[in-house]
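Look at the two complexes coming up: chain A is in both, with chain B in one and chain C in the other.
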Partner chain A sequence: MDAFSMGLIAAMGALATVAGASEDIESDIGSQSNPNSQVQLAAQVGNPHRIYNKAISGEPPANALWAATAAMVAYTLITAFQMPALLALVAGASVAALFNGVFSISSYFGRNSSQARFNQWVYMDIVRYTTPSIMAHAWITAFCIATISYIMVYMLPTPHPFPMPIIALIWGLAVGAIGSSVGDIHYGGEREFQNRQFGCGLNTMLSGQIVRKAEAGLRNSIDNAWFCTKFGGPATGMGFGLTVFLDNWRTTIFDPVTQASLAIAMGIFFIILMVVYNNYIERSVRAKYGPYPEYKGDIAA
Partner chain B sequence: MSVGGSAGGAPSAYDPKKLRMYGLVGSVVGIYLGAILNSALDTTVFSFIGAIAAIFAVVMGANAVRRVCAYGIGTGVPSIGMLALGMGIIAVMFGLSMAETLGSVLLGPIIILIYAGVFGYIIGVIANKVIKFNIPVMEEGNADLSMAGALAILGWSFAISGTLGYVDILNNVLMTGYIAIIFIAGGLAILHPFNANLGPDEKQDRTLVNAIMVSALAMIATGIAAIATQGLASGLLQLVIGFALWFYFFKMYYRLVKRDAAAVVGTGLLPPAVQ
Partner chain C sequence: MNFDINTIVYILEILVGGLLVGIGVHFVPVGGAPAAMAQATGIGTGTVQLAAGSGLTGLLAAGLMMSVTDNLWLILASGAVGAGIMIGSTMLTGSWIYAYAVGVPFASAKVNYDPITGFSQPPYVAIGTVGHGIPTICFVSGLIGGMMGGLGGAMIYYPLYLINGNAALSAMFAIGIFLVNAVIASWNIQGTIEGFHDPKFKKWPFAFKACAIASILLALASVLITGGA
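On to the complex of A and B.
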């Protein structure tokens, strides 16, 4: 271990934090994965809306595609044209963002026109101003993840044996999985049902009864980005940043070849620590907010 | 479950048997055509035919996803697309190494096809009998998906490496990591069409046009990869053809969206609800 590789690990952690945050906000602007089922259901229970419906598989495969595309283009430019790494990574992330735009638009078109019988319209203004902000966030995610894989393959003292696109694919899957389990709950549970009492859970009766009107005018997906930036995005960033940082930290502190058992033991220690801490949070939240009371009519303001 | 589309089999204008024939024949003939032209003329310019051949396989796979998932597998659409490519990659590696062992590279696609069909059918039987999905078209659908995934991976691998040799594909596609983009772009090409068009008013032609559009996008990606493995000329040719196909079919897709949607409006307030 030396100061240089520790600096690289810190940079990777920082990049991963940004990637996690932008990934979550990107999926929230498009209502991907977890919150998507309610957006999809809304029109079917008689609530047509103006919210973006970006159904590109789950988040893990979709983000794996953006990250792998960025890394693939960057790898090609670096090996075939000896382009400077930073420029190559920027070019790769741009291609990934364009791919993202095509997938986003095609799923917004497709999902909404498959709900013709519920009179869900296709709004072109939504496509025109929401898609670029989705693409912009996908650009940030793809750039950060491709850069992480570049550092792992070309810059660390013990380089990773896998080729760069494969590492980007795996980190893309990871950031998608973390984003869909950490950040999306904030949008799906708190934003789509913000007119219900906090913590009430989703009664079957409420399925599809999402909030369609905003503080001013009709709700659109840009409003959701503003909301999710306050908690869901940073929480996801912290989750993914810690994953990348702690995982690489233990293999940098302990040599993965000669001190493999120590590195594995450190990993197990982190897992136990996380389980204990999560258990503590869960208990303290339950103690503070208690079981949800039975419904006794609307509470007067 | 309404979210997963209408239950009990999706209505279709194109017969799945016909689509399967077109898909299998189109992709196998395309891969052979590309491989023979490349080796006969000692060039890599015809590698793009492999990527076009993969489009045939993807259309067949997307139709199989549509048939299986119309039984209400809402969130399972992405999983089944990944499953298709997972089955496919095993078949491709097995078939190519068998063909290399037998001494004839051109046997590869046939071995892959047979292996993928049998393998997919067995997975389908396990899904229905052991895991108890009880979906009538599961066995057939999984065999289709496995063959589609295998031929799509083979087509795109050929498009990147330029030959069907096991060692060449190992060096150009697996060791460089380009398999990552083939795997994920191919998987999305198979699963995205039905996933993106999910809903009670999903139409088969719109879904399949989406499949062609997404696989043309994957062809752009393999074109970029081919620049590194085969040189600028063949890579750019593949990229430009991919872009042209994507552009044409994206416009066609938009036309079909305008045909099927309740309304395509520039802007507007909430539409009246129809119950």
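On to the complex of A and C.
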């Protein structure tokens, strides 16, 4: 372990944090993944809306595609054309963002035109000014993940044996899984349903009754990004940053050749710490919020 | 290639890896789309997505370890711990959102008392939902599931790398075998599960049989490929 590799690990953690945040905001602007079920349902229960609707696929495979595309283009440019790494990574991320744009637009047109019978319109202005925001966030995600893969393969003292595109594919799957497990709750559980009482899950009766009005005018996906940037995005970034940083930190500070068991023990220590922290949150939230007053059963709180 | 006793051991290792993935998926508390609206207990995403995210992060850790050592136990432990860190961070940051953004206490609707902490659950379940958040029992179950996934991924990668000596090829095959087993298991779960305390967990023998058949077929196909990438 030397100062340089520790700096690289810190840079990877920072890149991962940015990648996680931008991934979540990309999926919130585009309304991808699980909360999109409500956006999809809204028109069908009589609430046509101006929210972007791009359910290309689940977030993990979609992000694996953007990240692997960026890494593959960058890898080709670096190895076959001896291009400087930074320029190659930028070019790769740009190709990934173009892919993202094509998928987003076709998905928006397809989803919304198929709901014409429910009076859902295809809004050209939404396509024009929302799609570039989605592509920009996909660019950031793809660039950060491709850069993490580059650092892992070419710069760390123990280079990773997998080629760049496969590492990017796996990190893309991971960032998508974290984005859809963490940030989407802020979008689906809170932002889409600000019209109900705070502090409870979504009552099944309210399915599809999403908020369609904004502070001024009609709500669109850029408004949702503004809200989710405050907590959902950063929390996702923290989740992915922790994954990348802790996982690489323990194999860098402890040499995997001579101190492998220490690296594993450190990982187990982190895991135990997380269990304790989650339990602390559970206890504090139960104490602060208390049981629901509507509960009629005979089990004591 | 020579079909000898080693090949049979490799096939058995891939089979065990596939089974670990298939059973591990049953432990992961996934609430699917309803959990993203705080309408069901668990993590708000799909089974395969989360299992793949954590298990393959474990594969990355195992791959790194295998490039510097050939000690099977270290490689397996590295895979399990890598996956555990990923799923742990995911559930922890997810808990922040449930606790501080949506503002719900963590509660399971499948049990009256949390088997680990002994906390009562029904008074904390909001009306019209089937629980929300990630109680301790779900957190622990998720860690077990994620770590089994990482262990399984490493167990599949290890023999493949010994056969073909090509990290990229072995990794792609391991990802493929991993996803097949995860998808089979998620059909058995039918969308949502809370962990090993969920009544649905008792259905695991069906997935065990199906994953065993699929893993044997995939193992036979993959041990024959000795290089080429």
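We take it that the second predicted complex is superposed on the first by the 293 of 301 C-alpha atoms of A that agree within 3 Å, B and C clash if a C-alpha of one lies under 4 Å from a C-alpha of the other, contacts with A are read in each partner's own complex, and residues count from 1 in each chain.
As a working rule, a contact is a pair of C-beta atoms (placed from the backbone, for glycine too) under 8 Å apart; a residue touches a chain by one contact, two chains touch by 3 or more.
Here the structure is a predicted model, which is why all the values come from computation and not from measurement.
Engineer: Between chain B (first) and chain C (second), which does A:286 come into contact with in this model arrangement: first, second, both, or neither?
Structural biologist: After superposing on A, A:286 lies in contact with chain C but is clear of chain B.
Engineer: Looking at the overlay, does A:14 come into contact with chain B only (first), chain C only (second), both, or neither?
Structural biologist: neither
Engineer: Check whether A:58 is in contact with chain B, with chain C, with both or with neither, and answer first, second, both or neither.
Structural biologist: Both partners, chain B and chain C.
Engineer: Which partner, chain B or chain C, touches the larger number of chain A residues?
Structural biologist: More residues of chain A are touched by C.
Engineer: Touching A:238 in the superposition: chain B (first), chain C (second), both, neither?
Structural biologist: Second partner only, chain C.
Engineer: In the overlaid three-chain picture, which partner chain does A:37 touch, first (chain B) or second (chain C), both, or neither?
Structural biologist: Touch partners of A:37: chain B and chain C.
Engineer: Which partner chains sit in contact with A:106 here, chain B, chain C, both or neither? Use first/second/both/neither.
Structural biologist: After superposition on chain A, A:106 lies in contact with chain B alone.
Engineer: One more residue to check, A:166. First (chain B), second (chain C), both or neither?
Structural biologist: In the superposition, A:166 contacts both chain B and chain C.
Engineer: So in the superposed three-chain picture, is A:189 touching just chain B, just chain C, both, or none of them (first/second/both/neither)?
Structural biologist: second
Engineer: Need the overlap of the two footprints on chain A, from chain B and from chain C, as residue ranges.
Structural biologist: Residues 37, 58, 162-163, 166-167, 169, which sit in both footprints.
Engineer: So in the complex, the part of chain B that touches chain A is made up of which residues?
Structural biologist: So the residues of chain B touching chain A come out as 2-3, 74-75, 77-78, 81-82, 175-181, 183-185, 187-188, 191-192, 195-203, 206-207, 210, 213-214, 217, 221, 224-225, 227-228, 246, 250, 253-254, 257, 260-275.
Engineer: Flag every residue of chain C that touches chain A in the complex, lowest number first.
Structural biologist: Spelled out, the residues of chain C in touch with chain A are 32-33, 35-40, 43-46, 49-50, 52-54, 56-57, 59-61, 63-69, 71, 74, 77-78, 81-82, 84-86, 88-106, 112-113, 117, 119-129, 131-136, 139-140, 143, 167-168, 171-172, 175.
Engineer: List the residues on chain A that touch chain C in their complex, please.
Structural biologist: Answer in residue numbers: 33-35, 37-38, 58-60, 158-163, 166-167, 169-171, 173-174, 176-178, 180-190, 192-193, 198-206, 231-232, 235-236, 238-240, 242-243, 246-247, 251, 256-257, 260-261, 263-264, 267-268, 270-271, 274-275, 277-279, 281-282, 284-286, 289-292, 294-295, 297, 299-301.
Engineer: Provide the residue numbers of chain A that touch chain B in the complex, in ascending order.
Structural biologist: So the residues of chain A in touch with chain B come to 37, 40-41, 44, 46-50, 55-58, 61-62, 64-65, 68-69, 71-73, 75-76, 79-80, 95, 99, 102-103, 106-107, 109-125, 162-169, 172, 212, 218.
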